[in-house]
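Encoded as structure tokens, the structure appears first; notes follow it.
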Amino acid sequence: MDAAATAEQVARVVATVESLGLQAHPIPGAQRTAIGITGNRGSVEAAAFENLPGVIEVIPVSAPYKLVSREAKRENSVISIRGVPVGGPALTVIAGPCAVESEAQAIEIGRRVRAAGAHLYRGGAFKPRTSPYSFQGLGEKGLKILSKVRAETGLGIVTEVLDTETAELVAEHADCLQVGARNMQNFSLLKKVGRIKKPVLLKRGMSATIEELLLSAEYLLAEGNYDVILCERGVRTFADHTRNTLDLSAIPYVQRISHLPILVDPSHGTGKRQKVLPLSRAAIAVGADGLLIEVHHQPEAALSDGPQALLPEMFEQLIGEIRALAPVVGRVL
Amino acid sequence: MDAAATAEQVARVVATVESLGLQAHPIPGAQRTAIGITGNRGSVEAAAFENLPGVIEVIPVSAPYKLVSREAKRENSVISIRGVPVGGPALTVIAGPCAVESEAQAIEIGRRVRAAGAHLYRGGAFKPRTSPYSFQGLGEKGLKILSKVRAETGLGIVTEVLDTETAELVAEHADCLQVGARNMQNFSLLKKVGRIKKPVLLKRGMSATIEELLLSAEYLLAEGNYDVILCERGVRTFADHTRNTLDLSAIPYVQRISHLPILVDPSHGTGKRQKVLPLSRAAIAVGADGLLIEVHHQPEAALSDGPQALLPEMFEQLIGEIRALAPVVGRVL
Amino acid sequence: MDAAATAEQVARVVATVESLGLQAHPIPGAQRTAIGITGNRGSVEAAAFENLPGVIEVIPVSAPYKLVSREAKRENSVISIRGVPVGGPALTVIAGPCAVESEAQAIEIGRRVRAAGAHLYRGGAFKPRTSPYSFQGLGEKGLKILSKVRAETGLGIVTEVLDTETAELVAEHADCLQVGARNMQNFSLLKKVGRIKKPVLLKRGMSATIEELLLSAEYLLAEGNYDVILCERGVRTFADHTRNTLDLSAIPYVQRISHLPILVDPSHGTGKRQKVLPLSRAAIAVGADGLLIEVHHQPEAALSDGPQALLPEMFEQLIGEIRALAPVVGRVL
Amino acid sequence: MDAAATAEQVARVVATVESLGLQAHPIPGAQRTAIGITGNRGSVEAAAFENLPGVIEVIPVSAPYKLVSREAKRENSVISIRGVPVGGPALTVIAGPCAVESEAQAIEIGRRVRAAGAHLYRGGAFKPRTSPYSFQGLGEKGLKILSKVRAETGLGIVTEVLDTETAELVAEHADCLQVGARNMQNFSLLKKVGRIKKPVLLKRGMSATIEELLLSAEYLLAEGNYDVILCERGVRTFADHTRNTLDLSAIPYVQRISHLPILVDPSHGTGKRQKVLPLSRAAIAVGADGLLIEVHHQPEAALSDGPQALLPEMFEQLIGEIRALAPVVGRVL
């Protein structure tokens, strides 16, 4: 749509799209609104739209992903999580423990990461664990603790949603719903989360191609949730010196074909505390929109993933290094 | 220890164990000495012992999986799906289309595979698809068609369950619930399916280790559902001549440590029609308990995975070859 | 070209083709224009064209390999190693120790594998070892021992050639030169071995695609050596339950596009003694032309790869099982 | 050895080591000389050395690699290539075409990269090519052109050595011998290059673990060549959006356990021009000692790897960005 298009003009295009039995997805941008069209089997007749008032051009999208692609929307999407922008010039750092273990633990870590400069808080209440005998998270009790962390620290909450049954409960307490790597192709969950109007952090699956990641994001947008943030967290390869192989080339590749922001999780990407700092620098240098970092004040006592959690003082050092690095890549922290 | 191990060799292993701060318990047996190791919190590094003179094998006694292991149950489990045994001396062949597309299509294929010798029918009503714009299955309508296929052909029905919300609906129509590769670590689904007392076919994830596969099965058994059948369907590697790399070494490996039956799906394992027949032979030769085969009478018109579906006459040939091969590996078809 | 490609876009592709010294043949069709490319010696770099405006797809019309392909020669090649055919109806079993360690060891194992039914003897005199401090083989002394093994047992000798400098020395003693996985893309060695007129056993590299394997074979044939036998020996993946992941789908894939025989090495393919027997059966069932098996009468004392060597009595069992299996796949042993 | 140890004291330790039938490897450092000992099967009696004059301590090295490890030498090694240091505080940029194609091409690119700020020139005269029908390099003619490039530009020359037969010829023209990814485990070549006293650039193999990379470097040091520079160039995975998956976590991992410098080759690591710049920034940010960059002034006409070559103006931009980034990680360019 034209930058000066009115809401009425947008509505008229939407109505025209729907009159043809198709779905219209108005995606607001900084300067203009794009309207994605899905539901067509073949190509759509451009003439039906291009003469409507306010329409600048009709672009047929040829990629398998439509709404997530830059063909659908040229400028970067900036997603707001409780007022914190993700995807703009400012880098975003989301930090906190792997799992909420207790109110004291969660709030202590929240204070430490806020003091160090984190913008948002992460912590799992529902944990996907390889073994049924491992700690599975505190569940609803953990969600309530997360709400207290927000009340205490003012930090918005990012937490994982594991299934359709608990998705709405999680959404009551969270400011951003995380879909984990193991659930990247849990399409029922994607559809459910797509219908909840909260920002979503979608992590790349352990052996997902970029096309698969973008198509999973497409599930969310196709349900009408345009506030999607992607996250590279390492893929599974033969290499055994790290837990996963962090694929930083994914960042510029995604940014070329999609308007969605993308973060990097070097904690899962490496699985080793000493590697988190250098790979955080690398992630920002390659152009990521921010970081997802696990921090624990007592990692040796953590109920999950202790070996990859930073101590709060290491997290402060990380923030300092990223702050120095940001301007070199045209960003601010 | 080797049956011929000397007292010195035993003493050296004991000393090595103790040098690591653990306790060693040499347990003499009729033919050989076993040395138990206790005091470890996590797993013990096998490499520290397995090359010492006289050592045959280092066996982690407390495996992370309990109920699925042969330590818990020595003899093979035989699972019955509507009277058809899986895991005994008789091989089991499950065949049918990737997706139920129509009553006519589903029943036609059902008649053909039953005539050729299939024991059970497979076909998806809820389909996990990479793109939101691909055919997602007929849903409940597809389930009803599957019930008609059973009524028409007498074949028990194996069909995929995608989420906790529809699990019970699927269970009303299915004789065996399939948990697909993308859901192997959908732990909420595993818990739900574990509580439904129907046999489960659990497929290995695209980048899952065998330990992860067995721990996902452990979720099912831990909920009280012991009727679990595993399935190797190929893993994701750099190799590009097949859709996935079928990992047949998984079969004897699983069989050594678990009592659960394991099938092979060469249709997904290769993604190519011409490879299904030779890899079916290989699967039976390596010791699998049966096969999961996609068959379509009009693969070029299939709504999903047409390129890997066998024509009914190719499936007849497959049955013939497996019938000839079975006695060589001590099985019958 | 895209159906909507303009004459200028077609002309630009033609100009690009010609700028590379090739001929372009624009062939107009009912809906779109195809542009054939000829005059290329090998494959044409698709990337040179696929980003030009108007180009939809770059399709390699003739395979990059010429002499190894079935387009060049329809019927199967049968290679003779000291009178033993490889690639015909008879299966070929090559067995022996990983490394020649002493005359006594080499001859003892030679007698045992011949008695069990092996057709050819394998054993390394020059060993490629990951560490410079590991046993590197007996070198020329080992080659002389191999000649004695042949004299004693009558078995033809297959042994590895590590470099161009020792290739001729090895060829004096060997009946078949093995090029190992680590040297599959040692092109200088391939050219050298291609000029020595002895049969070559070329093993697939640890992360080689089938196209790369066939192009390495093409190096040998291009030098005039047509007696090339391929060998699948497992590829490197994330899977950790075996040393390598044996990719048996490679066998039918190679056989469809190449006339060269292909063997399977389940010893390296699995790295574990207990897996060698089932995967040998699978290899024959999938259609391989034979097996390469490591056998050692004292594997616990072996200087290399002991854990994957079969004991002679296990090798006898293997031969028995393969003998039973062969007729089922139309072969004899 | 003590920082003040004399050459005589070093010589006496060397003589003592050799008198025990072992090899001594004096490795000079900025402040002191370390003397590596190899050739021992078990542990060496420290008492034989620790009372010799000038000896500070005797450290048993437990890793499988000895001479390359930080246990053998604490401080970073700084390797000089024609006066250009690699591994110190200054970053090193090596740039040039994939292959030498003509004198005009090689010199033109040499002038451009020198003007932009490259420290050393890269370019292949002997090229390892997947297909025998691809351009194999100009061979000796190419080497002579490289000598002219050095004469014209003053830049030291890094060029690949493909085999033992041409190693000395290459060494006559090169200032640094590159061992490519495909030859990382060509142990005969490593031994040969280890005996030529020229700096070596050793690239990680396509599916090599870090342990294997370091053990290949160990081959070079064990032959007495301590001037070894490692290079991460991407590994082979399922990911298909780049040619290889650049594994930047390898850099801090190598730096923790080895004293050898390590560079990154983002040209091969990604295979795509647009990815080279962001991944170069990431490589420096993660802590690499420098970059290996392919540059071509006419990449569309390049005889190999055109799609990944930077244009000279893109290379200038890269140098500018790295210059801005270097101080943030405590380096200079």
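In this document, chain identifiers A, B, C and D correspond to the written order of the chains, with residue numbering beginning at 1 in each.
Rule of thumb we're sticking to: contacts are C-beta pairs under 8 Å (C-beta built on N, C-alpha and C of every residue); 3 or more make two chains touch, one makes a residue touch a chain.
The structure presented is a predicted model; accordingly, all values stated were derived computationally and were not measured.
Undergrad: Which neighbours does subunit A have in common with subunit B?
TA: C, D
Undergrad: State the pair with the higher C-beta contact count; candidates are C-D and B-D.
TA: C-D
Undergrad: What is the distance in Å between the mean C-alpha positions of subunit B and subunit D?
TA: 46
Undergrad: Subunit A to subunit D: how many Å between their CA centres?
TA: Averaging C-alpha atoms per chain gives centres 38 Å apart.
Undergrad: Per the centroid of Cα atoms for each chain, what is the distance between subunit C and subunit D, given in Å?
TA: Centre separation, subunit C to subunit D: 31 Å.
Undergrad: For subunit C, give me the residues that contact two or more of the other chains.
TA: 207, 211, 236-238 - these are the residues of subunit C that touch more than one other chain.
Undergrad: Where on subunit B is subunit C touching in the complex?
TA: Those in contact with subunit C are residues 2, 50, 53-54, 207, 209-211, 235, 237-242, 245-253, 256, 269-270, 274-275, 278-279, 281-287, 321, 324-325, 328-329.
Undergrad: List the residues on subunit B that touch subunit D in their complex, please.
TA: 207, 236-238
Undergrad: Which residues of subunit D touch subunit C in the complex?
TA: Residue positions touching the partner: 38, 64-66, 128-134, 136, 162-166, 182-183, 185-189, 206-207, 211-212, 215-216, 218-219, 222, 236, 300-301, 306-307.
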